[in-house]
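Structures for review follow.
Next, two complexes with subunit A in common: one pairs it with subunit B, the other with subunit C.
Right after this comes the complex of A and B.
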C-alpha cells in the first residue's frame, strides 16, 4: 500500500482518526494515473525530518562498521579474538573514534590547533564546500516541489561555470560590477540550460529525467570542446583543456580574511535560501508550484497553467544550479577550471535535496552536513588513513535510508505515518454514488 | 453453503475498520450488507476473500473454520467475488477470461480453450445469460461484462457469491436484470452477499439485511422496512431523503451549447453534436450511465478538453477555446466528478485548497505575496458556513472524510461570483448527511438565479434535483425531458431509447 505513504512535503502525515475505512489494496490504485516516478518522489519526500536525522545516524553507524572492518589493526587483533577479545574491541574503538573525531576536527573545530581563530578553520572550510552544494541542492529541491526530477544540475552547473567563467576572465569591468555580471551570467546560463528541459516538458511532454540526463552529456562535451578550442574557453598559449585564471575583479571576496577559505558566494547562497523559502511558502507563484507538484490535474482544473509552471520551475532550478557553478569558478577554483569543475556537486545536490526534504532550510542544513563530510573526509584520510570512499558510502547510505522510510521506521519502531491519508484515495477507486 | 463470520476485527493502525463483526449467511439466502461508504463493508469482504487478515475472529463455511492465506484459498473453498471494478482483461475473450488463473492445459501445454468455451456455454445456458464465449470483453456492454464476472465465479463452483456494489455501473434496466439473476442463483442454492448502499435495491432483493456503521454491526432489518428506517439505521439518525425545493423560476437562457463535439486523444468522438441550454435559475440534470460523454461534456465547458468543435456561449460570450483560467474568471463554478484527482490537492490544507483557483490577485494575493491573514479568515468563515468538520483549517484535506472534502470543493466554487454552476457527481462517495447538505446548497444556488448543471449517474439524485433532465447516451443527447419524467422513461432513455413524443414536447414546453 504505497498510497498510505503519500503525504506531501507540506504535511508529513500522522495517524489520524478522522477517517473511517482504509482503501483496500490495489483498489485505490486503479484509477490513479500517477507514474512510478511520481510515487517514488512522493514516497521519498513524504517522511518526516525525524527520518532524515535517523538516516544520518544509521548511516554513520554502518560507516563505523566499515571503518572497523577495513582497519588493519582490527583485522590483526581479530585473529586472536577469542584469546584476548579486549584487544580487538579496543582496536575497533580506536579506529572508529579516531576516524570520526578526525572527521569532526576536519569539518568543525580542530582542537589541536592553537587558538580559536585557527581551530575554527575547518568549519570555514565546511562552509566553502557547502556553498555550491546548497545552491544546487535548492535548485533540485525546488524542482522536486513542482513534481520534477532535475537530474541535470551537473549540466546546468557546467554551462553556468562556462558563462560565469567567460565573463570572469574575458571581460574587463569595474570591481563589484564585474563580479555581479559574472554571477548573473552564470545564473542565466544555468537557467537557460534548465529552461530547455522545462520547455520540452511543457510543449512536448518529454520526460524531464531523460532530457536532463542527456543534457548533462551535451553540456559536458560542449564544455570539453570549448576548453580545447583556442579563442573560446581555453587559456591562450596553453595546450591544456583549461581556462585562464579569473580576473581579480570577478572573484568572490573572502568573507573573513585570507586565513579562511569561505567566500562571498556563501552570502549569495544564504540570500538564495531565504528567497526560495519566501517563494515556496509565501508567494503566489510558489503556491501554484506546490499545487502543480502535489496534484497537477487539480491544479489544471483550478485554472493554474501547469505547463508554464514546469517551465518557470526549471528556469529557477537551473538558475540555482547556475549559482552553484558560478560559485565554483568565481570562489572555490579561481585559477581557471577544466571540465571537471562540477566535482560531482550536481549529483550530490540530489542527495542534499532529498536529505533536506526539499525544504529550503532543510536543504541548507543538509548542504552544510555534506560540506562537512567533504571537508572532514580529507582530514580523516590524512590523519587516520581511512579511505575517503567511506564518506561516499556514508552519503549513499543516507540516501538509501531516506528512500526507504519503512526500513528506518522499523529499525526505530516509529509509527507508520499517513494511515489517515488513504481515505483520500478511496474515492478515486470507488466509482460509486451514495444514495 | 452456510457462511459464518465470527467476531471479525480488522485494524489499520489505530483505526478499527471492523469491530467484532458477526454475520451468518444461510444457504440459498440473499444477505444484504448495508452501510455508508467507509462503514467497513468492503474491508469485511476483503477479509472474507483472503485479501486481508483479520486480527481477531474466524470464518466458517458449513461450520468448519477456514484459514485463507489469499484469494486462491477463498476461491478453492467456494467463495466467489464479483468486484465493483471488473477484474477482466479487456483484450481477452470471454472464455479466456473465465479460464484465467485456472488454465487447464492439454498435451504440450496447449490451453484447453474448447473446454473453457463449453463451460461458458453451459453456465450461460443454465441462467439464460446469452454470452458468446468468443466475444472480446472490450466489446461487451458493462452489464454483460458483469455477467462474465459472475460466470467466472460460478465456473470455480462458487457456493457463496459476494457482489460488491454491483449496480454502480449499471443502467436501471441492467440492474433489474441483475436482480433477476441473483434470484435465480439463490433458487439454485447459492448464498449471496450483496453489498450496497442503495436502499431501493436492498428492499427489492434481500432476504435479510445487516446494517454496518463505523465498522460495527448496528442492527438487522427486514426487507419490509421503509427507506427512512434503513437510512436512519445506516446513518445513526433520522435523515431527510427528499430534497425540498420550490418550483424553478427560469429566467433567460444563460448557457447555450450548440453542436458541441469532443474528440478524445485517440480521435474518438466522445461527445457528439450536443445542443442544450440552461436558463438562469434552473437545474438541468444530465443523466446517463457512467462513460457516455458526460465527463467530457463538462470538461469541454470548462476548457479542459483540447479538441472541441461547436459553440459554447455563456451570457452571450463564447467560452469555446478559452483557457480554464478565463472560463473560471467568467464566472463558472465547477465541482469535478473526481474530487481527489481534479478537485483538491490532498496534501494542502483546507485553507490552501479554498484559494486554489484564486492564486492570482485579490483578495488572497498582493504583489505576488500570499495574504495569509486573508486566506485564514476566509477559510475559517467558509468552514463554518459549509460545516466542514475538521481539526482546524490547517488540516490537510486528504485527511478529511469524503463528505467534508466535497464541502471544501463546494465552499470554494460557490464563494465566487457565479454566472454558471456545474456540479459533476456532486454526491459521489459521500455520506448521507453530507448528501443532504450538498443538495440543499445546489438548490439554494439555483434559487439565487444561477443556472446550474448537475451531472449524475444516480437516477435518484437526478429526479430529486432536476428541473429539466438531459439524458446522454454514447456521447449524444437522447432527449431533454421535464424533471417530472418517470424513472421508467428515464431508464429507457439511459439505454439509448428516444423518449416518446409526448415527453419530448412537454420538455420543449418547459424550455420555451
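Right after this comes the complex of A and C.
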C-alpha cells in the first residue's frame, strides 16, 4: 500500500494553478530584443487579470445571446427582420439591457430607490448571499490545496444546519454564549461529517469523491427523517417537515441595522478567510497541506504524515462548510428550516473555489461575485421574467473561460505573456515536469 | 473474470501480489452478520412472507413461495455467521476472499431482509426486478460512458451533464419529429457535444479534467433549466410531449419464468443497453481499438512512441463516451417519464460515476454496480407500497451506505487508469 496509489485519477492535479501551461511558442527565439514597455504591455494584455475581465465579458455576451434568442418580442420581430430590422434590434436591446440592468440593480445599487441608504440595499443583499458561499467555498478550496476533491459540502452543510439549528431552538442560554455555542455546534457537525471522509480516505484508501457523494445523500435523508420525526427537529404541534424558529439569543445580529439583511455571519466569514490565509501561507500545518497537495509521494518521503494531513484537511474543510450551514440557519433563514436549507450552496461552493483558484482571498472575491449574481438573479427573475438559471450559465462560463487562458487569448488575439527566450525555456521545463 | 484480469497488465501494484492479511472484508461480514442478528432474530417478526414469482401476463405461472418469517431469519443469520467465520479463516491464512463469497453473502442477507420486511405481505419479485432494470438503465449507460472515457485517460465527471443534455434534446427532437428513434440519435449528438467541450478543454487547453467536468455539469444544468422555463414550458404540447418507446416482447425468451418479463419484455433502449454493455466489454479487452484505447490511458508516452495518435484517440473516444451517456439521457424522457423536467436526472450521473469507480473501471463490474444502485432504489419503492417497518428515508439511504461500506471495506484502494486526469503534452 504505497502512497503513490493514493491519488486516484479523480484527484485534481494542481487545481490552484488550474492549467498545466504548455510551453509557449518560442517567439523570441529569433534573438530580437524587445523593449521593456513592449514586454510590460504584453504581460498586461495577456495577463491573468485581463483574462479574468475578458472571461466575465464573454460569459455575459453569451448570456445576452441566450436572453435575446428566447425573448418573445425578439422572436416575433425576427419574423419580419428584413422588412424592418430596427424592430428586432430594439427588441434585442430591450430584453438584454433590461435583464442586465435588473441584475445590476438587484445586486449593487438600485437607482430607482430614493437616497443612498436605500439604493445601497442590494449590495448588502449581495453580501448576505455571499456569506455562506465564501465559507463553503473556502472549505472546498482548502481540500483542493491538499489534493482532495470535496463534493460533499452539501451534506456537511445539512448536518451543520441540523446541529446549529438544534442548539438554536432547543437550548436556553444567555445571548452571546447561545450564538457562539450554536455556531460551534454547526462547525463541529460539519467537521465530523467531513472527517468521516478524511478518516476513510486515510485508513482504507476509499476514494473521497465517492464517499462525499454518498454522504451527501445520507445526510439529506437523515435530515429529512429528523425533520418529520416529532421530538427530533420537527416543530412541536406541526405536521410539516420543518423546524421551529430559532431563539432570539441564537440569531446572528444584523450588522447595519434592521433595513439591511447583512448579518454577523459575514464577520465570521471574514475571520475564517484570514484564518485560512494564515493557515495555508504562514503555518507549518499549511505547509504540510500544500506539500501533500503538490506531491503526496514526495511529501511522504520528506517525513510528512500524508494520511493525517488528509484527515485534518477534511475536518477543516467540513468545518468551513459547517460555518456555511450555521450561517444559513442562524442568519438567513431564522424562522425554521426544511431539508432544502443548503439551497445548492454546497455545489456552488465548488465553482466559487475554482474561480478563486483555491486562494483564500480569491475565494472571498469569487464568493462576493457569485453572491451578487444570486441577489441580482432573483430580482431579474422578478422584474424581467428571465429565469434565474441564466445566472448559473453565466457563472459556469466564467469559470470555464478563466480555466483556459489560451482560449480567451485566441479569441481576442492577445499575446502570450512572457514570450521571451528564457521564459520559453522555463515553460518548456515546467511542461516536462508536469508530465 | 480471468479475461479481465489478464487484460489488465498492471494490477494494483505490490499490494495485490504480496500476500497481505487484510481483515477488512471479514470485519464487514461481521458487521452485517450483527445487523442480521439484531434485525432478524432479536427484532424478528412473526408470520409468513410470500414472494410472488409470476406476473399475470406470464405463459408459465409459478406458484408464489411462502417462507415462515422468523425461522427464515434465524436460519439465514446462522448461515451468514458461518460465512463470516469462514472469511476470517481465509484472511488468517492470507488468502483472498473470492468474489462469489461476497455475492452469496449479499444475496442471503437480501433474502432475509426481504422476508423480514414483508411479514404477512407479498413481494412481487418480477415487479421488483423490472423496476430495477429501468432505474438502472441510465446509470448503466452513464457508467459505460465513464469507463470508456476514463480508460482513454480523460476523467469524466460530466456524465450528469451528458445525461441531462441527452434527456433535454431527445424530448425536444422526438416531440417535433414524433419519432422516438430520432430522439435517441439527437440525444447521442447532444451527449457528444458535451463531450466535445470536455475533450477540447482537457486535451487542447490542458485544463484540469475534474474542473471542466464539474463546470460542464453546472453549465448544462443551467442551460437546460433556462431553456426549459423559456422555451419548453410555454410550448409544452409541441416541444415537450415526446412519444414513448413501446415495450417489445421478444418471442420465446420473454416466456421464461421470472427472467423473461424482466429482461425480454422491455423497450428498444434496454435491448440497445445489452448490446452496448457487450460491445464495450468485447471492444475494450478483445480488439485492437480497445488495446490502443487502454494504452493511451495507461501510458500515453509509450503509446505515442509506437505511433498511436494520443490526442485524436482521446478526443474521439471521449466523444463516443458522451454519445453512449446521451442514450442514457434519452431513457429518462423516452423510456420512463415521457417528458423533460427541470434537473430530471437528479444526480444519476454522480451515481454512475460512483458505479465506474465501484466497478473498478471495468464495464461488466460497473454494470453490476449500477444494477445494485437501481435495485436498492427500487426496493424502497416496493417496500413503500407494501408498508415497510423501516422509515422510508433509511431505505433510501441504504444504497449509499452500502456503497460507502463497499468502497471502504471491500474495494479498498482502487486504482484507475494510470494516466487518467493527466494532460498529455507531446515533447
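General observations
To be clear about the criterion, the second predicted complex is superposed on the first by the 346 of 435 C-alpha atoms of A that agree within 3 Å, B and C clash if a C-alpha of one lies under 4 Å from a C-alpha of the other, contacts with A are read in each partner's own complex, and residues count from 1 in each chain.
Here is the rule we use: contacts are C-beta pairs under 8 Å (C-beta built on N, C-alpha and C of every residue); 3 or more make two chains touch, one makes a residue touch a chain.
From a predicted model like this one, the values you see are computed outputs, not experimental measurements.
By the document's definition of touching, of the two partners only subunit C reaches A:217; subunit B does not.
Contacts of A:303 after superposition on the shared chain: subunit B is touched, whereas subunit C is not. Contacts of A:350 after superposition on the shared chain: subunit C is touched, whereas subunit B is not. Residue contacts after overlaying the shared chain place A:295 against subunit B, while subunit C stays out of touching range. Using the contact criterion defined above for the overlaid structures, shared-chain residue A:204 touches subunit C, although it does not reach subunit B.
Once chain A of one complex is fitted onto chain A of the other, the partner contacts of A:287 are limited to subunit B, with no touch recorded for subunit C.
The intersection of subunit A residues touching subunit B with those touching subunit C, taken from the two complexes, comprises 6, 8-11, 13, 15, 18-22, 428, 431-432, 434-435.
In the complex of the two chains, the subunit C residues touching subunit A come out as 12-15, 20, 24, 150, 155, 157, 201, 205-208, 210-212, 214-216, 218-219, 221-223, 225-227, 229-231, 301, 347, 350-351, 353-354, 357-358, 391, 393-394, 396-397, 400-401, 403-404, 407-409, 411-417, 420-425, 427. Per the touch definition, subunit A reaches subunit C in the complex via residues 1-2, 4-6, 8-15, 18-23, 66, 70, 149, 151, 200, 204-207, 209-211, 213-215, 217-218, 221-222, 224-225, 347, 350-351, 354, 386-387, 389-393, 395-397, 399-400, 403-404, 406-407, 428, 431-432, 434-435. The part of subunit A that touches subunit B in the complex is made up of residues 6-11, 13, 15-22, 24-25, 27, 30-33, 282-285, 287-288, 290-291, 294-295, 297-305, 415-416, 419-435.
On subunit B, the positions that touch subunit A within their shared complex are 12-15, 17, 36-40, 42-43, 46, 51-52, 84-85, 165, 168-169, 197-200, 214-215, 231, 290, 302, 304, 323-325, 327-329, 334, 336, 338-349, 352, 355-357, 359-360, 364-365, 368-370, 372, 389-391, 395-402, 404-405, 425, 427-432, 435, 456-458, 460-461.
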